């Protein structure tokens, strides 16, 4: 009952695919521990899937990041799982997961086929839950991002990532499982982002990602009941950028390992804001929903900006403004 | 050289002053420790001054809150001290203060003349600095709001209010100076708002105010240099509301003392959102700049809502929705 | 049936007009989507950032009509919240970023030949739509016309002025049963009676429904009575539309360790069966 | 001079038009403000929340002209950032929330009679404005006309088409010295030379200046050479306009324990004196 044979992509999308060009004089590569990425732009965990490869040239990305994988299967939260407020989008997906084994069987092959480094996001609800997940991944993935912005069931009501000691415990345990680069993804609501980043560094992390979404409580306008099945969700999108920008600035001053910025990035300008306060790579989340090609646009624009300013890399571009 | 004699207020403002009416069947009063306020609406610290009495009927407010008073005179931060982003307004006034003595001499008489309870906001940069300010105020004021969202110079880079122990120290010390109601105003960026609120309650506070503005870093679009003289400022306004709403919800579940909500309130609906998650009073900050009469409008609208629903008070109004 | 690959396109807005009292109609130029979309599939429409209100999430919208010869698709939407309110400001001649076609659409039991156990190939179909839910089924009305399937379409709405799809059905030669709240004809019991009478002895081969939970329930009951398959199109809040954000899991009671089906890729069209008991 | 009490008003927008290449002119109906405002005072204009972009802070704007007989004031603004871009969408007939008149304005040394130590009463005045800074001084040009003070007004801008205030000065009988960037006449050295020549032997009794730091500096130098008082109107980011938010402290180097003057209540007009040394 197909109505007509599939047509070639329409002009807008095809033109975008065709627009890739080489920038010989520009080097956007970045090192995360032993891993070198061709450029510093990657998706934020939970905001990417191999399905996007049908819409954009994923091979242009610096890396891809998986949705957070937990050790055992989880169904995720009740509906609604997301909504949009003037302040931004709010999600409470609750991280459904098929567990490490399910990820390996059903999803990792799709990620591998994309042809760029795969960073597997790993979650847990107790500090002791992370290392077993990494073990269960049996070496799959080029790096691991430890999502510690999860409520710590051992310490009711606080996130693992808001407690420097718990961060240290998690990183040390995972370090014993793997030599691959470890990125610790920190929450926003912490008493001291510098303490948290330093705890990650001291325990052997190769980078920190700053930051996850900001916990929020959206209510319906009429009955003032919670919009989300889980009551609480994470606020993301451009309005959190000024808050995360400060956290990235503080983290970058506190540690020597790279800081990967994540929060409200929509354009190359937004990415450059983060680079200018010390970030070495960026993740794009919410922006990809409305504009699936946002990451690729950002990479191309960064290359063009460098080329236009005759800067060899982003650090030089930033120095040129400062001069 | 006056061009013409002053004229009576124009219609818009006069009509607003004249519009006050009594709501016999509605009781909006609220108790904060030993103090009873006629209604639960007051300004946020730093977003009010006696000068507003020339523009709005201040006597209709539940209370007024002063700008934070420090022990010794402070000049405040360098310009720019405020800006506006899409995410909200950002201020880094830096709390200029003439000290307790200067406040008593120059400002307290103007506050007293307003005819509503005066809550004096008190600040410090070390836990030990609060009690001396309260002592220096020599009993002036009907209650004290302890602004603990200040960097703790004893513990570099973290706010006093993000450390439950420091909160306890501050409240206990101030409690020894005065029997008047004490409100502890908490920061947003804390690992556990419940722990902070409980620390305040346990140490003898009569209420907590949730919350202060969210630290942020605004950059200029062109050169990516900090807009604010102080680099960091506090983000306020409607976009922080969903984040603060969650904090108020958590705090109200954690303590028995009243929670005063503060964050992005512009309308009676916004206030009712906070009441519905457990707040017992509200403070209005940023909204007063654009609409000086916002607080008075909110009070009148709350009265009308209760009257319209034949509810004796706000608690009953909320029960009616839930039914 | 193999699903077409989704694309994104900067689709020119050819028509943007008020329909009835509460809706707007968009005609969008996108040759690929118009040519490949299956009945019941949907688009994600990004509200342009240039408009005053910044809308971050694209809005899922059913493809109401496909005009492959013109290379256009039609969408009809109701002005509900911030997203659709902002959409109103898009002018004719501007471009909208759309991604599609997406999801599993409606499928008639195969007319080419049944397998022994399956339902009989569709020769007649009952379609039920309410409000903008009518848009989800209109593609199937188009397919029915093309395939020579006899289509009876219940169009439900608040009032005559607010019924979507009458002209489309007339054009496509479908039998329309308009029911409205203002004269009581849309009431569930009345509608059930009427349909049972209408199809007494000769039930339709399939029922397709979209637009209100109670209508889906009625359709499932009729399907059980008549022994015919029922397909229902569901809604869920969505972010990606492609199955990776996990925002749209259907609110079906399940094992806490197992996620409900994703409305964007496992649906929006699902087989409707009455819960046992 | 006693300052008028500020009021707020829902001022009807009577005119909202493009001026030159880069500016817009607003005529607002507010009888109280029109009647009470002093030269050099300003308004806080709230950008209506109904417009797409939510603008939280009101924007300070000089009162360019006062028309007490019509009960109107004029404002001229440049479209700069989010606030003024949103303001463009306000239509004639809509209302703008304005608060004013605010701040300390320009004051001519008292024409009624000097005190022994003070400056001589003003009979002649030099006013210098650049860009929208012209608006801050236009009230003083009005006052000069009324008080019979001989006013020479330097209007500075990028080009002839972008000069504000020529027509106003003509109407008010002031002598205009237009200087622009495109012909080099606005260059600081050239302008200084010209003014020194023009006022050789007969310096003005007072200099009023607004619009660029370098012009204020030139005015202060001329004032020091001529021994006449200089007043300068400053800008600062503002929230309240009433002196309570402490957002607008002037960036003057001071003792860290002492706050600089607040531009909204201690200014925007300040006496300009050259820093010693």
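Residue numbering begins at 1 within each chain, and the chains themselves are lettered A, B, C and D in the order written.
By definition in this document, a contact is a pair of C-beta atoms (placed from the backbone, for glycine too) under 8 Å apart; a residue touches a chain by one contact, two chains touch by 3 or more.
To keep track of the chains, here are their UniProt names: A, B = Dihydroorotate dehydrogenase; C, D = Dihydroorotate oxidase electron transfer subunit.
What you are looking at is a predicted structure, and each value in this text was computed from that prediction instead of being measured.
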Weigh C-D against A-C on C-beta contact pairs and write down the one with more. A-C
State, to the nearest whole Å, the distance from the C-alpha centre of chain A (Dihydroorotate dehydrogenase) to the C-alpha centre of chain C. 34
Between chain C and chain D, what is the gap in Å from one C-alpha centre to the other? 61
For the pair chain B (Dihydroorotate dehydrogenase) and chain C, the C-alpha centroid-to-centroid distance in angstrom is 50
Send over the residues of chain A (Dihydroorotate dehydrogenase) in touch with two or more other chains. 86, 88, 238
What are the residue numbers in chain C that touch two or more other chains? 53-54
Determine the shape of the graph in which chains are vertices and touching pairs are edges (line, ring, star, complete, other). ring
Chain-to-chain touches, reported pairwise for every pair that qualifies: A-B, A-C, B-D, C-D
So, in the complex, the side of chain B (Dihydroorotate dehydrogenase) touching chain D is made of residues 1-4, 6-13, 46-52, 54-55, 67, 72-76, 78-84, 86, 88-89, 91, 93, 96, 229, 237-238, 286-293
Enumerate the contact residues on chain C facing chain A (Dihydroorotate dehydrogenase) in the complex. 1-2, 4-10, 30-33, 35-38, 46-47, 49, 53-58, 66, 68, 82-83, 97, 99, 107-108, 143, 147, 236-240, 242-251, 254-260, 265
Give every residue of chain B (Dihydroorotate dehydrogenase) touching chain A (Dihydroorotate dehydrogenase) within the complex, in rising order. 85-88, 90, 157-159, 162-163, 188-192, 194-195, 214-219, 221, 223-224, 232, 235, 238-243, 245-246, 249-250, 269, 272-273, 276-277, 318, 321
Residue positions on chain C within touch of chain D in the complex are 51-53, 86
